[in-house]
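Following this message is one structure expressed as structure tokens.
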Amino acid sequence: MDLRTDLALEQREINGEKADENGIECREYTNKFAKVTKIEITNENGEKKLKRKKGRYITVELDSMSEAASYLKECAAIIAEELRQLLPKDGLILIAGLGNDQITPDALGPKCASYIFSTRHIGKELQKSIGLDNLRPVARIIPGVLGQNGIETGEILAGIVKQVSPAALITVDALASRRLSRLGCTVQLCNTGISPGSGVGNARAEISKETVGVPVISIGVPTVVDAITLACDLVGEEAKSKMEKSGEKMMVTPREIDLLIEHASKLIAAAINTTLQPHMQPDELMALVM
Amino acid sequence: MDLRTDLALEQREINGEKADENGIECREYTNKFAKVTKIEITNENGEKKLKRKKGRYITVELDSMSEAASYLKECAAIIAEELRQLLPKDGLILIAGLGNDQITPDALGPKCASYIFSTRHIGKELQKSIGLDNLRPVARIIPGVLGQNGIETGEILAGIVKQVSPAALITVDALASRRLSRLGCTVQLCNTGISPGSGVGNARAEISKETVGVPVISIGVPTVVDAITLACDLVGEEAKSKMEKSGEKMMVTPREIDLLIEHASKLIAAAINTTLQPHMQPDELMALVM
Amino acid sequence: MDLRTDLALEQREINGEKADENGIECREYTNKFAKVTKIEITNENGEKKLKRKKGRYITVELDSMSEAASYLKECAAIIAEELRQLLPKDGLILIAGLGNDQITPDALGPKCASYIFSTRHIGKELQKSIGLDNLRPVARIIPGVLGQNGIETGEILAGIVKQVSPAALITVDALASRRLSRLGCTVQLCNTGISPGSGVGNARAEISKETVGVPVISIGVPTVVDAITLACDLVGEEAKSKMEKSGEKMMVTPREIDLLIEHASKLIAAAINTTLQPHMQPDELMALVM
Amino acid sequence: MDLRTDLALEQREINGEKADENGIECREYTNKFAKVTKIEITNENGEKKLKRKKGRYITVELDSMSEAASYLKECAAIIAEELRQLLPKDGLILIAGLGNDQITPDALGPKCASYIFSTRHIGKELQKSIGLDNLRPVARIIPGVLGQNGIETGEILAGIVKQVSPAALITVDALASRRLSRLGCTVQLCNTGISPGSGVGNARAEISKETVGVPVISIGVPTVVDAITLACDLVGEEAKSKMEKSGEKMMVTPREIDLLIEHASKLIAAAINTTLQPHMQPDELMALVM
């Protein structure tokens, strides 16, 4: 039976956490606010075991969403440092906020993108006049979803990437986890791109360097759990057989999903803005997401 | 172990559906769109068994939310007929949409109230000029919640009831169910009032004839499930012991909660408008919730 | 011809600013951020000339809305100091956010109320545990409008006031001004109550000590201008005759009304919170409206 | 002095309605619900006089917004018939909803696009299974604005057009008029493309066949008036000299702008859906915008 998850970290947990498996390398560190786990898939065996493409998967587990909200600057800094290592040092960065803004648990990407500080259109003179020199060029887009647009998100992004030629594309999207306790307070960064909608059993065309032509860094936060997976996790192994028979198939989300999305989208936006504008002051950066 | 539910119907299911228990009377009927179960608690034994006050509890189970949305007029008519039997024949009816409009799964009441056709302020002459004679007087209020207002919802309603003297108060609120499959497509009506927030473990002062001075008819639709109850229902009896130990306590809701709230609030509003304005045409009534 | 305005200050301007008129007393002061004008109507002659009831009308004119947003704490402090002088020193304060939250230029009151720090329900022990001692009891309500509720706003407030017995009621509402330049950056406080909707030619039952039984302090910010009044102000006296003939009657508002409402509602809420919680730190107070 | 307008019709009015001017051809017809004026600019003299590029400008003036809302189907059909004549008979149509969805008077385009029936992704088999054969392929996009994205809207659309190769692009945008009475109930269609933001003095890169490579049909509805232009129109010619001196420069919009945008965006969406899906029933088409 498949326990549904979008987190490489959880796939490894499900497999039994054998980090020394051929093709999977894993390191962790813990600090005051977070546990950071870095998984690298290095060959086909690792790909098969973790059901993911070769590449780096970094998971930042914050203590809780409310803690992350109280220590926004500190938590954003931890994510920012990991993101920095995945991005090219210079050049335009395009951020795409993926998902459906009409479905609260799927609105993480659009909401996060609304807090991104776009700078590509701000000329050098205007930058000086507002006291912000040395801004890195940043653009953002909220593309919508296939069902609304009639166009695959990957097609939209490929078209825009050709037009503006960013050094890299960052996607932000809502994910599925196997645990309620991870919703809203775990962040996965990876350098292998994304299949939007895969988290809710609605897989779309992949968005990756192969399909859009530039490196794709994807950032995701789990906001939903498959109901069966949830039950399985609460109940334990022996229950799996029963549930396999159940036809029920539904993604669930916490009652407090509105607040969760608000907090998590600010956290990710603060982390992205922090990474991309190292010359700005922390307070200026936090004000952008207020 | 307590399986958490706001539905008298589910409490009876949990007890083992002994409808002939002393103090509990139960009748059902089924039609094309719905199964209607009428439970009457007639004495203290019934109160103890069903953990509810003496009174009538009518549950309308629609086939599914999407079915209800497609057959809005027909489904609203079924609920309207049941509601009609609980209400006084004449006089002002006050509708209160309970809950927090900033929390999507709790926004059923406020959203429903926004579709109610308030008529108390429309003079007879204006009624004639817009071609709507014989309107029954209707008022509505969206009181907010204690955490926002610093005032118990029951206090607000008691104050307004004294001021406008309705023949009855209808409350509309989101409930908790034990089954995901009931969310958004089951409607409970009862004539015993309500404790707002009880559905999410946050019980507030009772709103009932005793506290506000007029009959209180409460209408509720389940929009959340307790995560443990959900697991229990998916897994079965033998899992209960394990889960009792788990500290995890969280209400969950489907990923499609925005649509569920939209549909369910229109359905309840259509039912209330239909009950209260028997002289209006079905198409006019449906247009009010578009 | 009547130039439409809800500001006592503008009525005085229109009359020709004869401050020494019998029954009208006027003082002003100016500081870095604002010009404050205090008009007191002391007898019937003053009432007739300024078309308002006896009482105090304080107008705070900020340099501009964007300035007020940048110096939120300083501007809120100026308004807070004036408000303090109008309020009883102790006891529960009830704040009512008047207006229709579905009409952007009318949403000032509801939006402002959403930023009010309600404390009436927070017990002494909880106050200590969150590090906030000595909180003054505060409650708030967003009553909606007659057209939605079928109940006069004054009736709703009278009912709630009887229930919770505040020492005073503060109403917050959107007003009409004669000048575009005042929209969003002028604040009027008065101790004579309010007729909601009067600003848009839709006068409702008065809300005042006479009707609700406790002192009513009303705070208003102009958000609309009558189109004819606007033309008149831009063009000058000689145009009045022409316009009197025009049947056109429409209230207009700036294109940037969404931002204006957001800023002004935060400003007023920050002023109210500052007045009512003198033991809280300025940064804590500002965080409440972020 | 320049009276600010985005309507070719109004520019002609301002010029004195000399329809027989060299290079300007004009025809009109009136029916029960609308007056339709077709202006064709045929040479450089016409371009200079009407300050617009060669091409066709069709203006549909509805009696009033509330009338248009009551007769949505009829009014949409009038606009649909004019739109049909501007579009290629076959092939994919891409609709772009231009403007800033955070600014109510500018949200016409995004809101309208949200009601467009996208079909490009619905396979033939799925079409049959839902009883909708012969759907014309339609896609839509809500690109956002330069200030949010850091990317010119024209660049985004050029990129997407290259990717999906539509037969034509339809843009929907909010315009500026010189008359309050036209807001929300006048529709301009033209086959010359658009400069987004030009209506509010914030001109952006042109979107036209020259810049995106396919025919661009633009549909616009005025939602704002320049305050000076408004005064001028209310007061008359002799006031112009005075107003030229005034520095005041502000776009205004009616107090009821939320309702205006809601109605107008449904009207335009209904017209577009009607044009593009001639095999669907009128009731099915209207249900798409409910």
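Order of writing sets the chain letters: A, B, C and D. Residues in each chain are counted from 1.
In this text, contacts are C-beta pairs under 8 Å (C-beta built on N, C-alpha and C of every residue); 3 or more make two chains touch, one makes a residue touch a chain.
Keep in mind the model is a prediction, meaning the values are calculated, not measured.
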item: Where chain C and chain D overlap in contact partners, by chain label; value: none
item: Chain pair repeating B-C, as identified from C-D, A-D or A-B when over half of the contact pairs by residue number coincide; value: A-D
item: Between chain A and chain D, centroid-to-centroid distance (C-alpha), Å; value: 37
item: Centroid distance [mean C-alpha coordinates] between chain D and chain B, Å; value: 44
item: Centroid distance [mean C-alpha coordinates] between chain B and chain A, Å; value: 38
item: Multi-partner residues of chain C (each touching 2 or more other chains); value: none
item: Listing of all chain pairs that touch each other, if any do; value: A-B, A-D, B-C, C-D
item: Touch list for chain D against partner chain C, complex; value: 102-106, 180-181, 200, 224-225, 227-228, 230-231, 234-236, 239, 242-243, 246, 248, 250-259
item: Chain A-touching residues of chain D, taken from the complex the two chains share; value: 114, 118-122, 137-144, 146-152, 155-156, 158-164
